[in-house]
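In what follows, structures are represented as structure tokens.
Here chain A shows up in two complexes: once beside chain B, once beside chain C.
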Partner chain A sequence: MEKYGPTRRGATKRPADGGARADAIVVEDLGRTFVDRRGRGAGEVTALSGISLRVAPGEVHGLLGPNGAGKTTLCKILTTTLEPTTGSARVLGLDVTRQSRAVRRSIGLVFGGDRGLYGRLSARENLWFWGAMYGLRRSELRARAELLLERVGLADRADARVDTFSRGMKQRLHLARGLVGDPRVVILDEPTMGMDPVAALDFRALVAELREEGRTVLLTTHDMAEAAAVCDRVSLIDRGRLLMTEDTDAVGRLLSRYERVVAHGVSAGLADRVGALAGVVAVRHEADRLEAETELPSATASVLAVLAGEGVHRVSTARPDLAEVYLHLVGRRGMAVT
Partner chain B sequence: MYPSPFHLVRYGVLNAVADFKATYTWRSWSFGWLGRMLAQVLFFTGLGGMLDHPGAVRYLALGNALMTCVVDTMAVVATTSGERRAGTLSLLVASPADPMWVFAGRSLHWPVSGFATASVALFGLGPFFGVTWAAAQVPLVLLLIALTALGTYCVGLFLAVLVINVPRLRNVVSNCAYLAMMGFCGVQVPVDFWPRAVGAVVQAVPLTHTLRALRAVSDNRPAAEVFGPVVPAVLTAGCWLLAAVVIFRWLVAVPARGAGTLDLSY
Partner chain C sequence: MSLFMAALRFQLRLAAHSPGTLQVWATAPLFTAVFLSIAEHADRTDLTSFAVVAPTLMGQWALALGIAGELIAEERSQGTLEAVIATPGRLSVIVVGRILAVSLLGVTTMAEAWLVAGVGFGRWIAVPHPVVLAAALLANAAAMAGTASIMASLFVLMPSARIVQNTLTYPLYLLCGVLVPLSQLPAWVRPLGRVVFLSWSADLFRAALDEAAVSRPAGRIAVVALLGLSGYLIGALLLARVLRRVRRLGTLTHT
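Now for the complex of A and B:
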């Protein structure tokens, strides 16, 4: 099932040799611990543990997980603002610890929220400033700033002070800022946080454009719909550990064994019988509505047979989406902060 | 291509201009800031009038007028710590640029403001206290004001990187620094008033040397007495800047990467 590269949307696939040298991002056995200074006595908190991940050039890779899962820690390491405790990470073949300056030249970082911009500068000046940080010279800088302002829909507010912007506008400017250095690898850490739904849709279109341009994108999010819409592959991460990396569609297929059966007109006794069937992993029964989750296709058939045998005909089955995959793999902790 | 320090300072000035525009209008600078600084000069110089010491008024007028630019330049401590509050520090560290040069450029409005403040104090207020200048002295005085502003700006940059991880100390540190300079560097009383150890320590402060040079200009002393202190003033300023660069790179950025104290802002 393991596939590499943005196969869903027709970009490059991993070469037959495994493509280790060609990978845009290579993370090997990466670990990071922090000293926990809260409370009495210093303990260690493990933010990342033994993470290994490869992202092919041109791939849009989603990193999914609840708050505190370790997504931002991984982003920090890849952007050289944090050193790993163990293991290694390379971006475009450059080691993030030993060749950090060269790595910084090749990456663009965008994080969510409305901080990280100079509020007293205009949008255009912000892009000039950040472009200068990437060594862009005057004419190139100005041309690129105009292009990006147009691209993120801020051209008509280019000369307005950023502290007059809405949160969504700031987030769009963040995206432009992340791209101003023309990075080959773009790291987007919860980039749509604070965006309105229309802007979030525009963001998806922008990510698609980045893919078309051959840029590699690592996107952290806990928005399942966003990941499903824009990512070629997703990695699920929880409590600092990588649970799985799969093609976005394949993740859904993998979870077909977790098919859900929904039925109406079900008594409590019948719900108990369904819950006792082999392969049924969860049952919820409210009023006369039953929701049963199965982990094997044969179990779904058994549930349907039992329900039909008792004269229950208002029955439907649902295919899992990415959100369900996520919930099955990380449990019902959901967005809880650890 | 990696950005050069000059390139970074130049674009850092974008922030300096924007900050200054956001902080002052020409009215609030003239009648607020400048007025306050001139009042400070008048206060201390007026105290000199109560002393039974010939030359005390001129001494205090020169010292306090030049000191006004230091009050301005110490504001670099607060504006630099603003990078962390704004969430831009981690982005600067994640860029190919050396953030230290951005810091150097983004607060340059303070030495410019300080230069203007001290110039008005010396040329506008000075004559009321017997501090007058011949036309030939004016360029030298302006040079010494500029050197004082830039030299103490370098001291301020050093202090700024020291407290960048503890921004709550920014105002305490900048206020203590300028009060210490005001007390020990020859502004109110001669340096040799203090114990020798203090006199030795203040030789590391550019203000001590530029003030000595300014007094030499005012007293029409030989060129050697004017230009002699300029050399240590420039050297000490350079040392503070170098120390700021080294400390930021090796004692702030590198340990922060290790400890994980550079937040990606939320």
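Now for the complex of A and C:
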């Protein structure tokens, strides 16, 4: 499933040997289970199962999936705050379990949302403290904090308390915090969660800068548009399993390829006719409601024409969401999803 | 900047925005007044210095123990604990630096208690051995930080460790000679009190405020420092083990 060679942005190239030694992130058959103590008796919940993934140095890699897919669990393992149950993960060749301290020197972690900062301190004080955790000397730390504040557009508010910041400003500070240790690998966990569209656009520009600096970025998101805008490749993950890894363009094409037609007042016979049309990949019919999944733009037109010809006027079309595309992909590629 | 100093400064900055941390300045004068009233009522003016020493140690220990637990709880609730753990910085160093900051702030409660004795009761206490007192105060603040850091590991493991925290306040004051010198307590209590730095600190403070020469001050200060260092090492070891455990179980962010 993996594609090697130049990405569409030309930023990342994999060596001819597949880049096994040079990869910034190597995840092999990774699994993580949790003991679920809710309810009667203890059970096991599988958060990740058999995940294998490689991210090249300098690549911006998107980890796409719905909430609860396992994206954050993978980030936690890569940032050494959680140990895997099975398999292994390496960052810049360092094992996240056995060489966790060395891994932590090389990574920067950025959360989304309001949490993860000291609200009663100023932006500058936050960066001083976080920088000290990376062992930066005082002069170096202060200079870097100023640079980062400038870079994320917070220089004017550097001395304001963080709990007076808007969500977008906090997110920019999050990114500055993640970069204060000058990491070679940056892990962005839902970084634009709750951001307004303008702030999200600014954030994308910052991610592009990280790529230009040659940093490796792993970005988790459930927003396909965001992934398409900033990532070189994306991996789709659902229910703890990796469904596919593709160039961003390829996944974007997949998304735009499928369409859904929903109609009311449809008889069973008419539903069968629709199901028989070329390019219709799935049909669900309950009572008088029809839901048809199409794979080609021409198929949608055919379905609409048939329905209109039979006097069905309560019709709507929509793009499937990411989860539905996953299902298409799973069906097409014959992968099992539990 | 060393992480230890950064953590210390960080906590001092936080303290300026955290009136809750500073509540000890409200309670120390009240404790001083109560203890002095008891001493006056019993016609034991010779115990005036005891009434100044006890609120100082009680205030400092309450601050140190409070911050040891709350800093983990706060880090969890504001979502910073995981980010801290994901940095190469040692959490034990951050914890001890932050506790030391409040312990040092707590030193000022002695001045407060001293003023209450003088202004409120007309008992101006002389300080015949200021160097010993200053050194003992510093060693005690460090020992407070080292020993209280043990609590932090309990809070990482059990967010409900506040019960343990509460049991380590008043019983310790009583058993470690903070209120009454260890030598005045039953013999069976003394060995227990002697392994806790508080008893050594309390004796040193009282001796520094007494006209008589302080016997073996350097050695006694060294004991306070060593007991504090032992506390820190135990705390750091426990914290490392607890962090390994929560990483394995995936309970780091559980509240």
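Definition applied: the second predicted complex is superposed on the first by the 252 of 338 C-alpha atoms of A that agree within 3 Å, B and C clash if a C-alpha of one lies under 4 Å from a C-alpha of the other, contacts with A are read in each partner's own complex, and residues count from 1 in each chain.
Heads up, the rule we're going with is that a contact is a pair of C-beta atoms (placed from the backbone, for glycine too) under 8 Å apart; a residue touches a chain by one contact, two chains touch by 3 or more.
All figures in this text were calculated on a predicted structure; none of them were measured in a lab.
Look at chain A after the overlay: chain B and chain C clash there.
In the superposition on chain A, contact is made by A:Gly112 with chain B only, not with chain C.
Within the superposed three-chain model, A:Thr294 lies out of touch with both chain B and chain C [touch as defined at top].
In the superposition on chain A, contact of A:Thr72 is made with chain B only, not with chain C.
When the two structures are aligned on the shared chain, A:Ser302 is found in touch with neither chain B nor chain C. Look at A:Thr220: by the touch rule set out above, it reaches neither chain B nor chain C.
Overlap of the chain B and chain C contact sets on chain A: residues 32, 34, 76, 79-83, 101, 104-105, 107, 109, 111, 113, 115-121, 125, 128-130, 132-135, 177, 181.
Here chain A touches chain B in the complex through residues 32, 34, 72-73, 75-76, 79-83, 101, 104-105, 107, 109, 111-113, 115-121, 125, 128-130, 132-135, 177, 181, 189, 193, going by the rule given at the top.
Here chain B touches chain A in the complex through residues 1-3, 7-8, 10-12, 14-15, 18-19, 21-22, 86-88, 90-97, 102, 256-258, 260, 262, 264-266, going by the rule given at the top.
By the touch criterion given at the top, residues 32, 34-35, 76, 79-83, 101, 104-105, 107, 109, 111, 113, 115-121, 125, 128-138, 141, 161, 177, 181 of chain A touch chain C in their complex. Residues of chain C touching chain A in their complex: 1-3, 5-7, 10, 13-14, 17-18, 78-80, 82-89, 94, 247-250, 252.
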